[in-house]
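Both of the next two complexes hold subunit A, though its partner changes from subunit B to subunit C.
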Partner chain A sequence: MSASVLHTEVGVSDEKQAAAKSAGRRFGALVVRLGAIAAFAAIMAYFVVFAPGFTSTFNLINVVEQSAILGVLAYGMTSVIIGGGSDVTEGGIDLSIAANMGLCAAVYATLLSMGYGDFLSVVAAIGVGMAVGALNALAVVGLGILPLLATLAVLNVAAGMELTLTQNTVVGASSPLLGVLVSGSFLGISALAWALIVFSAIMIVVVHGTSFGLRLYAVGGHPEAARAAGISVPFYVSFTYVLSGFCAAVASILTVSRLSASTPGSGELLLSVLAAALLGTVFSRRFVPTMGGTLLSVLFIGLLANGFQLLNVSSYWVNGVQGALILLVVAITSFARGSEGSR
Partner chain B sequence: MTNSMKGLVKALALGLAAACSLAVISGATAEELSLKGKRIGVSAIGTDHYWDLMAFKGIQDRVKELGGEVIALDAGRKDQQQIAQLQTLIAQKPDAIIEQLGNLEVLNPWLQKIRDAGIPLFTVDTATPHAINNTTSNNYNIGAEIALQMVADMGGKGNVLVFNGFYSVPVCKIRYDQLKYVLTSFPDVKIVEPELRDVIPNTVQSAYSNVTDMLTKSPEKGSIGAVWACWDVPQIGATQAVEAAGRNEVKTYGIDGSPEVIKMVMDPKSSAGAVAAQQPYEIGKTSVDNAAKYLAGQKVPPFTFVPSVLINKENAAEKGKPFLDAAEKAGVK
Partner chain C sequence: MQTAKRDIAVSMTGISKRFGPVRALENANLEIARGSILGLVGQNGAGKSTIIKVLAGIIKPDSGSIVINGETVSALTPASVEKLGVHFIHQDRLLVPTATVGEAVFLGHEIGLGPFVSRRAMERRAADLLKRFFGMELPSGTLVKDLTTAQQKVVQITRALAQKASVLVLDEPTAALVKREVDSLFDVLRRLRDDGIAVVFISHYMQEIEKLCDRVTVMRNGTDVGTVDPRQTPIDEIIAMMIARDVGEMFPKRSVELGAPVLEVSNLRLGGSFENIGFNVRAGEIVGLTGLLGSGAKEIVQCLFGLKTADGGQVKVEGRELSLSTPVRAVRDGIAMLPEDRRAHGVALGLSVRENISLASLRRYSRSGMVSRGAENQAVDGLIKELSIKTPHRDALVRELSGGNQQKVAIAKWLSCQSRVYVLDEPTVAVDVGAKVEIYNLLNRLAGEGAAILLLSSDLLELVGVCDRVLVVYRGRLAGSFSGPAMNSDELLAASSGARSNADGVAA
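== the complex of A and B ==
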């Protein structure tokens, strides 16, 4: 903070001092970051040794399956944070993503139960998800509202629409597509697990392997520089919100397959989604969100719940540990960023 | 060890004495029951409600009493989490699984998977074809009794506000269907359409504002005669709303017997008309006994009913007290 103030108005010697300070901070951050990763590793090692059945293939595939919905949502959130910048108060964030998934699931299950086929129902669900994303984009990019507030408002819109549609009830659904997702498997890996694997591969390639992804990082990291380089910042930021809506829709179909229904209470997932996206930054050297980091933290959250259950430790602890880790990661991130003085 | 064994036998004998009052407990003596060396998985959709917590506690206490190991899983009212817990539980291969409440539509495919994995499944308050035994109250009785009490208090005519947000929960379906069936004999008692929706969480607040709105909509005294809900948490909000609106002619009816609702019914000035009080702790314990019997090779019926008691304005002072005592003893408020 102080460094950023100095930066703007003082001379060379102070700048040198600030640089030295920031180097010191970076080193400190590196130590803490490695510490966090070591803590992750230690927890996993403990599970491997003490939790019965933890390392069995069957169990690990179960965890991948259990992580699929959270993973797809977390990719949406990660893309928004990448494109909008990872400043916690002013950067990109999509608080509506879980509620949007609930709405899409309700649309999908309701249409199926009304007798429309898979094709139309899937198209409608994805259309609704992207429309909610577009609404976020309009509020954030078009109207210039802070993402935190804009998406909070859209969260309520989506949750309200879901309640109106389902009257807060469980809407049962079955279809050929759901049948495949529930019981299909290939090479001994279930369809839901494949969904996460394939979706992960696509996201990692698009965001980390293309010039499109590079520009997305530029937009989030240095919007002015990106603009100067001729990149359309509004387009990229809008795109991330629509992509986030798309992820919500895909996750909704996975949810309906897993629960054989659309059920109220999807909004509960928001905290885990945020946790996954934020925890993921610890796996990046510059504390930026990455798709790979998000995948690792999604699996970590899944393994945490799984390991605790196998150890017969109360599930109430999972929330506590998750919360403590978020606090740790956010603390490290702000610590590391303090030196850069984003503005 | 031997001392604690003696204590155990003593506890079992006492338990047996208590159980004798329950006509449903079959002939097998409690001493024979043991879960030594057995692991019992317990999955509950949530424990935020008095009933749920008492049953969940009853199951765990009984498993430990019988010398078994319990894997207790509370899904915190999240379907996703319950499914994940059940999936991992199946991989853990416990000797039996006891499942308590939840959305049947969501659960059924997974309960099927439990059976496919060869794990005996027992349920608490959850009627499903996949369970070996479902231990519950006689909800057919409860539903009819509370409906008849309501009709009697209304003098056979008037309008009823009905909360019907959980028709997908099997016990609520039975109670609601019984209400409808009773009302076919009393055509002057009418359910106000559209029905109200009870919700979780914020059940009390939401019921309060729903009932307040409906009373405002029908301002003449006597235009609404009663409020009905398939459980008693909405009844709390409804009773408060009726009293706050000064509409004491409206009486409220619910099922479960949470201590605060029993206290309301015991209070002569309260608008809570009646509550069907269940014995959730006993229900939880009895489901474990059924599992233990099954694992010992004995025959177990497809369902076991644990008695419940209709507490109304006339009998509240006498019938309510044992339930409040039981709640206090279990340390659950």
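== the complex of A and C ==
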């Protein structure tokens, strides 16, 4: 009961211990972070030395272009993880994002092939993407289903709709917008690369420069604290899923431009997207996903696939490496979190 | 503190709130005056936290009215309450661990231009405030998770001050602080009071209430039972208001012949928590164990549960040495345990009363791996009746029962195993008074049947009322063993806080 207990001077030594512990943890986190970055650098150095043509301008631009789609998707995933918290089992995650992109691409290509113009087709694709995102938000925020399961279900819905729409065939597409995306360039940089640059800039400014972004991190980092600060947690979490759907739609337009068609199998990108968003955390002092970190990971994954190609290593290996990276990052973050909890 | 009409900042009247079958608040009132510090005290479950959460807009009351600064407000939300200048320092450190100090202080009220934030300005302003109010300097950009508990508490208070709070409510703000920090916190609170801010101070520490508060409101069983001046009212009287029930009536008397030692602990130690702990519990004996937060008492019990592994020492049950490496081993070795967090470890909320009760003892109703339902039902019904567990039927889900009845299910689970040693960790926390008495009766009965019982509790009156002997842990060592007339809450308190040690010899 409450019947009066006194305060003690347990104090001083405790404080020192806590400080030492905290310093130890910070040091551990630093080692992990620097270790990961050093590993990245080592892999890149290996490619520079042994992969023929790795450092050529042509090759690097090619990688950036190839990374545009992955990048846009990874931003969507990152925003969901920021807003939902990076808890591995209960935190935010959007497994449907790649399938959503496939569906949006199918909608976009089908409408174009039916003769609807660019404007209408783009609006429809974005509408579909955001609707799928809203469905995720409804399942996660409205119905309280674990994001892992909710978005897995929505993944199947989106994939099923894509198949229904395209009958599992390639739907060819061409339009003025696609023409610009394929062959347009400005200041010697191709349109696809510009898309990545502009999208990255917007995301970085919004998430890291505005109070909106700050609150988004608060919502993911400690929902109760965010709520106590008068922030509407459901709104922010819902927003990230809709944003993720929007990113899927934007990526779908880029993918249609790159392939001049909507093709089945976009779901395979999911692993790369997840790897990019999770890997990005090691670039952050706070061990949280950041847009800048995601950009670096996207480029890293792009360069990894590219380097393997140049070294004539089967591209199937890339999947394995990405999977291993995800495991590693998740293990490290869980470990870091575990030591936090034992305080 | 003039007796003239005081300036009322917040007035809550007739607040009631139920959670399912549990009555959390019943016609409770709270009046907070400007320029004064109001203490809010009561036993666990008396409704202190609930009424504060109502004011914070976190819990919607079923009925009652709230007037803030002369304005009747309804449908409070955390945001609208803050706009009215009422700020809360919650017991849980409600701070984002990955935020910097500046971000944590200004979250929701960011400094910047339009939608853009200026992190540098926030860090600087936060540093200014920390220096001004607390004389505390932290490296710029320090993350909340890298702060000590006390520093986090200070950041929380700074957060409220940054937003020009006119009413400041602190829920157990000193629980994790050391004395020096408590003193500086008190200085800050007095300064804020003198500036005309209304401060509400919720604490279990009566000395703090006496030292700091101008008035104190006592809560009991979900309602306020009086408001007094703590400087003129003896602490005993305030405690009596909190309990109301005659202690003798609450703690049933018994007399048992003590048998041979059943639980023998010797030289137990756990690095950083406790060392050289040795005591016995004899058949039929109820031994209390108490100590302040961080004293090591809790960790001793956790070692007996197998939740923590001791670095050295011996634990014997009926002469057999136990390894106690995991809870599974502890159970197998005949220790029945009742962890504090019954939702996490004590009962399975999603299972029925029957399943919970027979969970630990299925083997007894099983023949070659099959459960004999008839024998199980008979045993379960017997226990439900015996413990007067209020449940519609044996297959009702434990989730649907009240806290006290859930606790009884947890105890029944072990009764059906017929254990010889019971270790209980705060069995009556968040349990209503009626259920408490039933739990005490149950402990008496178990002891009467020859079980050895170790009861960890921070409720000193409970210990005095129930136990044959109370062991006090102070800074990781046994500071005393009290029985007979020496076993009273004053002595226990003095020993807990290190003011006195040992009454009748540690080794019993």
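Following the convention adopted for this analysis, the second predicted complex is superposed on the first by the 314 of 343 C-alpha atoms of A that agree within 3 Å, B and C clash if a C-alpha of one lies under 4 Å from a C-alpha of the other, contacts with A are read in each partner's own complex, and residues count from 1 in each chain.
Just so we're on the same page, contacts are C-beta pairs under 8 Å (C-beta built on N, C-alpha and C of every residue); 3 or more make two chains touch, one makes a residue touch a chain.
As the structure is a computational prediction, the values presented were derived from the model and not from experiment.
*Asks:* According to the stated criteria, A:214 is in contact with first (subunit B), second (subunit C), both, or neither; which is it?
*Replies:* second
*Asks:* Which chain, subunit B or subunit C, is in touch with more residues of subunit A?
*Replies:* C
*Asks:* Applying the document's definition of touch, where does A:312 land relative to subunit B and subunit C: first, second, both, or neither?
*Replies:* In the superposition, A:312 touches subunit B alone.
*Asks:* So, A:226: does it touch subunit B (first), subunit C (second), both, or neither?
*Replies:* second
*Asks:* Using the superposition described at the top, list the residues of subunit A that contact subunit B and also contact subunit C.
*Replies:* No residue of subunit A touches both subunit B and subunit C.
*Asks:* In their complex, what parts of subunit A are in touch with subunit C?
*Replies:* 1-12, 14-15, 17-19, 22, 25-26, 209-215, 217-218, 221-222, 224-231, 285-288, 340
*Asks:* Any idea which subunit B residues touch subunit A in the complex?
*Replies:* Going through subunit B, the ones touching subunit A are 69, 71-81, 83-85, 87-89, 91-92, 103, 105-106, 108-109, 165, 167-168, 197, 199.
*Asks:* Which part of subunit C faces subunit A closely enough to touch in the complex?
*Replies:* Going through subunit C, the ones touching subunit A are 41-44, 56, 58, 77-79, 82, 88, 90, 92, 94-99, 103, 107-108, 110, 112, 115-117, 143, 145-150, 174, 177-182, 204-208, 235, 239, 242-243, 272, 292, 294-295, 458-462, 474-475, 489, 493, 496-499.
*Asks:* Which residues of subunit A touch subunit B in the complex?
*Replies:* Spelled out, the residues of subunit A in touch with subunit B are 52-53, 56, 58-59, 62, 65-66, 69, 167-170, 172, 182, 255, 258-261, 263-265, 268-269, 302, 305-306, 309-310, 312, 314-316.
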